[in-house]
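Listed after this line are the structures, all set down as C-alpha cells.
Below are two complexes that have subunit A in common, paired first with subunit B and then with subunit C.
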Partner chain A sequence: MSASRILIAIFLIPFLAAFLCPLAGLWRRRFVHPITVLGLSGSAVCAFCGLLKVVRTGPVHYTFGGWAPPLGIEWTLDGLSAGMAVLISSMALIVVAGSRVSARAEVGESVTAFYTSCLLLVSGLLGLVLSADLFNVFVFLEVASLSAYALVASGGRRARVASLRYLILGTMGATFYLLGVAYVYAATGTLNMADAAARLDPVMRTPTAVLGLTFIIVGLALKMGLFPLHGWLPDAYTHASDAASALMAPIMTKTAIYALVRILFWVFGTGTVTETFPVMNMLAWAGAIAVVAGSVMAFTQTDLKRMFAYSSIGQVGLIVLGIGLANKTAMAGAFLHVLNHALMKGCLFLIAASAGYAHGIRTLDDLSLLGKRMPWTMGAFWVAALSMIGVPPTCGFFSKWYILLGALRAGQPFFAFLIVASSLLTAAYFFRALEHTYRQRPERRNGGEGPVGLVAATTGLSLTIVSLGVLSLHVLRIIERAALPPGLQ
Partner chain B sequence: MIVESIRPGLAVASSLAAAGLILASGRRPNLREAWTLIAALVKLGLIVSLLPGVCSGIVYQTDLFEIMPGVRLFFRADPLGMVFGLVASLLWLVTSVYSIGYMREIKARSQTRYFFCFALCLSSTIGVAFAGNLLTFLICYEVLTIATYPLVIHNETREAVAAGRKYLVYTLTGGGVLLLCVAWTYRMCGTLDFVPGGFLAGQAPPQSLMVLFALFMAACGVKAALMPLHAWLPTAMVAPTPVSALLHAVAVVKAGVFGILRIFGFVFGPSLLKSLGVIPPLAALAAFTIITASIIALYQNNLKRRLAYSTISQLSYIILGAAILTPTAFTGSIMHLANHAFMKITLFFCAGAIYCRTHIESIDEMGGIGRQMPVTMGAFAVASMGLTGVPFLCGFVSKWHLGLGAVEAGEVALVFVLVISGLLNASYFFPIVYAAFFIQPSKSFRKKEHRTALLAPIVATAILSVLFGAIPFLIERQHLLASLSVSRIWGQP
Partner chain C sequence: MGDVILGYANYWVSVVLLLSGIYVVMAYRNFVRKLIGMSLMQTAVILFFISIAVKARATVPILEEHATLIVPAHYDNPLPHVLMLTAIVVGVSTLGVSLALVIRIHKDYGTLEEDVLIRRMRELP
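Right after this comes the complex of A and B.
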C-alpha cells in the first residue's frame, strides 16, 4: 500500500465501520461489537505501518481530489500525528475489545448507538490529528465532541446533566477555537497550516493575528480541561458509563493538547510563541497551577472515577507545563507523558470498570473488596498507581524525569521543585486509595475477578506500563527524531 | 580492573525471579517457602563466588542497556558494594528461615504477599549495593521503598496502616528529593556513573555543590534515620518482627547509610567535601543523633522501640565515621555497617522469639524470662554486649577503627561521643539482660524454648557476631574489603 493510502485508511476504516454499525445493528445486534473491533484494529494496524514509514522516510502528504494544497484540503502524516494516531486507535481498540461484557451490562439495549458513537469519536479524533487544515481541525473536533456528548449521556440519569454541561462548555471551546481560526484567516487569507505559517510571520504583530492566537489557546484549553477551565471534565468522566469514560479519558484531552502544540509550533512558529510573545511562559505557569490544583482536588474525592478525573486534570497540567518550558528535553518529556498518561489512565478507568462490574465498587471505601477478591486487578492497580506517582522503573517516572530535566535546562528550579512536589501529591491520593484496599471488612461477599476481557486488558496495560518504562529510551529516540517541533532549542 | 560478568546482575535477578514463583505457588506453602530458600542460597552463592576476585582487586560488572541518553543501567560489584551485598544476602538466608518459623508460629495472614514483598525488597537491596550509577541506585532505592510498604502494614490494623502512612510520607519525600538531586547532577555533569574519589569536583560553583550536598544528605538521611528525619523508624516497628529485623535493621536503613557512603566516596569525593566545608555540620548532627537517640532509648519500655532507637543511634556511628573523612574512620564505618547488622538482627530475632512464645513486648514484664529461654536470652546478651563495644565481639572492632580515625583526625571530642554512647548502650541493654536472668519471674512462663526454625537463626547470628570479633582471619578479610574500597576512594595503591 502506498504511503498516502495508508494515511487515508487510518481514518477511513473506523469511519466506514461507523456507518456499517447501525446497518448491522438493525439486522443482528451481536455483530455490532465485532465490527467495531475490526474497524479499530484495521485503523491501528494502518497507524502502526504509517508510523514506521514516517520514521524511516519522513512526512507523507495527501491532497483531497488532487487539488494542490492552498486551495484543496491537505492531510499530513508526520512523526507527531502518526504517533498520536497509533495512540488513539490502539487505546480505543484495547478499551472497546476489553470492555465488551461490562458495556453490555451498562448500555443494554442501545448497544448499537453506543458503538457507533465510539467509532465516530475515534474517527473524529483521528481526522483531527491527520488534518493539516485549520478549519478541518474544527470540523473533526466537533465530530469527536458530539459523539463524546452522546457517550457521556449513555451513563444514565445523572449523566445527562453532566453531558449537557459538557456540551455547553465544549461548544464554547469550539466556538473560541473557530473564532481564532477566523482571525487567522482574516490575517492571512488561508486555512492551510503550512501556508498560514508562511504568511503569518510578517503580520504576526497585528492585533488580528494576536487575537487569533489568544482565542485558539483559550478554546483548546477548554477542550483539554486545563485548570481553571476544567469544569466539564469531572462530572463527564464520573457519570459516563464505565466503558465510555475509559475510552474518552485517555485520548480526548490528549488530542486537544496535540492540536494546541500543532498550531502553536507549526502554524505560529517556535520563534513567535517563545520570543515575540511570551505565550509559552504563560502556559508553563498555567500548567504548574493545574498540576497542584488537580492533585489537591483529587485528594479530596471519595468517588473512585472522580478521583481519576481530577488526577487527569493534574496530569494535563504537567504535560502543558512540559510544553510551556519550550525546550527539546521538556517537550520530548511532555510527548512521552502524553503516551504514558494515556496508558495509565486507560488502565485505571478499565480497573474502575472491572471493579464496578464485579462488585459494584464505586467509592474508595468499597476498595477493600478489590484487595481481597480481585488479585489480578489489584496488581494492575498497583502498577498503574505507581506509574502515576512516578516510581521507577514504570513509564511515568521517565516522562516526569525528562520534564524535570527540561525545567532545570530552562533555568527554572522552581518548576523542577513543583514537579517533584506534584509527584508527592499524586502519591498522597493514590496511597490513600491503596490504603483502603488493605482495610479489614467483616462482611463476606461472593464473586471474584472481573470479566476476562477486562482482566486481560488491565494486566496487558500494566505490563506495557512497566516495559515502556524500561524501554523508554527507544520511544524517546523516535520522538526526538520525528516528532519535535522545528526550530526548538 | 573491571571484568564483565553476569553474576552481579544474576544476584539481583535471583530474588526477583523468586518473587514471581512465590506468587505463582501461593496455594502450596511448602513449595512457596522452598522458592524463598532456594533463591536465598543462589543469591548468597553468587555473591560469595565474586568474593575472591573482588579481594584481589577485580570489579565485576553487569552492563544491561542504555536507559537514558548517556546513562546505562548497570550493576557493579566493587568492594564497598560487596560488603553490603554479602551482609544482606547472608542475613536474608537466615531471616528466611526465621520468617518461615515465625509466620507459621503466629499463623499470620497473607503469607504469600509477605514472602513476595520480602523477595522484592532483597532484590532491590542488592540492586542498591551493586548499583553502578546514581540512576540505577535511584531505581532500586525507590523500589525498596515501595516493596517495604506492604510489609510495614502487614497486620492491616488501624495502627499498622497509620504507621505505613508515616513511613511513606518520610521515605517518598526523601525519594523525591533524591530524584531532584540526581536530575540536577545529570544536568551539571551529563553523567551519573560512580567514580572512586568522586566526579563532581569543578563541575559547578561551590555554593551550588553545597546545596546539592545538603539535599543529598536530606534524601538519604531519611532512610538512614538521621535526626530529625528519624520519626518513621520507631513507628514502623508495628510490622511483624522478621520485617523489623531484616528491613529496619539491615536492608532499608542500611540502604540509606550505604547511599551516604556512596555519595561521600563516589559522587563528591573526600577532597571536594573537605574543601566545601560541609562536613562539620553533618558530623555534629550525627554526634547529636548518637547521643540523643541513646538517651531516648533509655526511656522506652517497648523492647522493639528501644531497639529502634538503638538502631538510630548506631546508624549515626556509620555516618559519623564517614564524616571524619580519614581512611581509618571510613574503614571503621564500612565495617560497622556489617557488624551492626549481625548484632542488631540477633536482638530483633530475640524480641520476636519472646513475643512469639509469650506475647510480651514491654521490658517490665521480661523479668526471669532468661530462665525459660536461656538460649534466646544468651544470644541477646552476646549481641547487646557487642553493641556496647565489649572486646572480642564484632562491635568492638569497628568502634576501635572509628575511634582511631577520630584520633588521627585530631577530633578528640568525637572519641568522647563514642565513649559516652557506649556507656549509654550499656545502660539500656544490660538491665534487660540482668532482669532476664537474675529476677524472679512475676508470672510463670509455662512454655519453653522454641522449635529449631526460630532458634537456629538466633544462634547463627549471635555466633556471627562473635566470630567477626574473635577470629583474626575473618576480621582481616572484612578489614581487607573495607580498606580496599577506602584505598579506591582515596586513590592509594
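Right after this comes the complex of A and C.
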C-alpha cells in the first residue's frame, strides 16, 4: 500500500465502521462491538505503519480529488500527526476492547448508538490530527465534539445536564475558532496551513492576523479545558458513563492541544509566536496557573472520577506550560507528557470503570474494597498513581523532568518551582487515595476482580507506563528527530 | 463617518450579533435562551465570513456558458459561501443535538433553569 493510502486509511477505516455499526445493530446487536474493535484496530495498525514510514522517510501528503494543495484540501502525516494518530487509535482500541462488559451494563439497549458515537469520535479526532487545512480542522473538531456530547449524555440523568453545558461551551469554543479562521482567511486568502504560513509573514503585524491568532487561541483553549475555561470538564467526565469517560479523557483535550501547537508553530510560525507577539509567554503563565489550580481542586474532591477530572485540568496546564516555554527540551517534554498522560488517564479511568462495575466504588472512601478484593486493579492503580506523581522509573517522571529542565533552560526558575510544587500536590491527593486502599473496613462484600477485559486493559496499560518510562530516552529521540516544530531554539 | 457605519454595515451587524449572543449565553439561566444566544454567535460568524467574500460591483460566481474572458474581480469569492454552507450544517446538527438534550432534561427534571437544575442534579441519588 502506498504511503498516502495508509494516511487516508487511518481515518477511513473507523469512519466506514461508524456507518457499518448502525446497519449491523439493526440486524444483530452483538456484532456491533466486534465491528468497532475491528475498525479501531485497522486504524491503529495503519497509524503504526504510517509512523514507521514517516520516521524513516519523512512526511506524507494526500490531496483530495487530485486538486493541488492551495486549491484542494490537503492532509499531511508528519512526525507529530503520526504520533498523535497512533496515540488516538490505540488508546481508543484499548479502552473500547477492554470496557465491553462495563459499557453493556451502563448503556444497555443503546449499545449500537454508543459504539457508533465512539467510532465517530475517534474518526473525528483522527481527521483533525491529519488535516492540513484550517477549515477542515473546524469541521472535524465539531464531528468529534458532537459525538462527545452524545457519549457524555449516555451516562444518565445527571450526565445530560453536564452534556448540555459542555455543548454550549464547546460550541462557543468552536465558534471562536471559526472566527479566528475567518480573520486568517481575510488576511491571507488561503486555508491551507503551509500556504497560510508562507503568506502570513508579511501581514503578521496587521490587526486582522493578530485577531485571528487571538480568537484561535481562545477557541482551542475552551476546547482543551485550559483553566479558567475548564467549566465544562469536571461534570462531563464525572457523570459520563465510565466507558465513555475512559475513552474521552485521554485523547480529547490532547487533540485540542495538538491543534493549538500545529496552528501556532506551523501556521503562524515559531518566530511570530515567540518574538513578534509573545503569546507563548502568556500561554506558559496560563498553563502554570492551571497546573496549580487543577491540582488544588483535585485535592479537595472526594469522588474518584471527579478527582481524576480535576487532575486532568492540572495536567493539561502542565502540557501547555511546557509548550509555552517554547524551547526544544520543554517542547519535547510536553509532547512526551501528552503521550504519558494519555496512558495514565486512560488507565485511571479504566480502573474507575472496573472498580465501579465490580463493587460500585465511586468515592475515595470506597477504595478500601479495591485493596482487599481487586489485587490486579490495585497494582495498576499504584503504578498509574506513582506515574501521575512522577516517581521514576514510571514514564510520568521523565516528561515532567524534561519540562522542568526546559523551564530552567528558558531561564524561568519560578516555573520549575511550580512544576515541583504541583508534583507535590499531585502526590498529596494520590497518596490520600492510595492510603484509602489500605484502610480496613468491617464490611463484607462478595465478588472479586472486575471483568477480564478491564483487568487486562489496566494491567497492560500499567506495564506500558513502566516500560515507556524505561524506554523514554528512545521515545524522546524520535520526538526530537521527527515531531518538534521547525525553527525552535 | 457615514461611510464607517454604512460602508461596513454587515460587519457592524455581525459584531452586534456576536456580542449579544455571548451576552445571552452568559446572562440568562434558561437553557433554551442560552441555546438562542449560541445560535446568534454562530450566525454572526457566518455573516462575517460571507461579508469577506463580497467585492464591489461583482456578481454571483456563476460562469456564463460562453464566457471567454473571465475576470475574477467581476465575481464574488465563492469559497467562503461554500465553507459557510458546511458551517451552517454543523450549526444545525449542534442545535439538533442540543434540543434533543433539552427535551430529555425537561422530561427528567421538569425545568430548564440552570441553577435549579444544578441543585436537583446534586440531590439525585
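Brief remarks follow.
As a convention for this text, the second predicted complex is superposed on the first by the 489 of 489 C-alpha atoms of A that agree within 3 Å, B and C clash if a C-alpha of one lies under 4 Å from a C-alpha of the other, contacts with A are read in each partner's own complex, and residues count from 1 in each chain.
In the analysis below, a residue touches a chain if its C-beta (ideal position, glycine included) is under 8 Å from a C-beta of that chain, and two chains touch if they have at least 3 such contacts.
Everything numeric in this text was worked out from a predicted model, so none of it was measured.
By the document's definition of touching, of the two partners only subunit C reaches A:150; subunit B does not. When the shared chain is aligned, subunit C comes close enough to touch A:164, but subunit B does not. Touch criterion met: A:178 reaches subunit C, while subunit B stays clear of it.
Of the two partner chains, neither subunit B nor subunit C is touched by A:463. Shared-chain residue A:135: touches subunit C; no touch with subunit B. Once the two complexes are overlaid on the shared chain, A:392 sits against subunit B while remaining clear of subunit C.
Residues of subunit A that touch subunit C in their complex: 135, 138-139, 142, 146, 149-150, 153, 157-158, 160-161, 163-165, 167-168, 171-172, 174-175, 178-179, 182, 185-186, 191. Put simply, subunit A touches subunit B in their complex at residues 386, 389-393, 398, 401, 404-405, 408-409, 416-417, 420-421, 423-424, 427, 431, 435, 438-440, 470, 472-473, 476. The residues of subunit C lying in touch with subunit A in their complex are 18, 22, 25, 31, 34-35, 38, 41-42, 45, 48-49, 52, 79-80, 83, 86-87, 90, 93-94, 97-98, 101-102, 104-105, 108-109, 114, 117-118, 121, 124.
Within the complex formed with subunit A, the subunit B residues making contact are 66-69, 138-139, 142-143, 145-146, 150, 153, 156-157, 161, 164-165, 168, 172-173, 176-177, 179-180, 183-184, 186-187.
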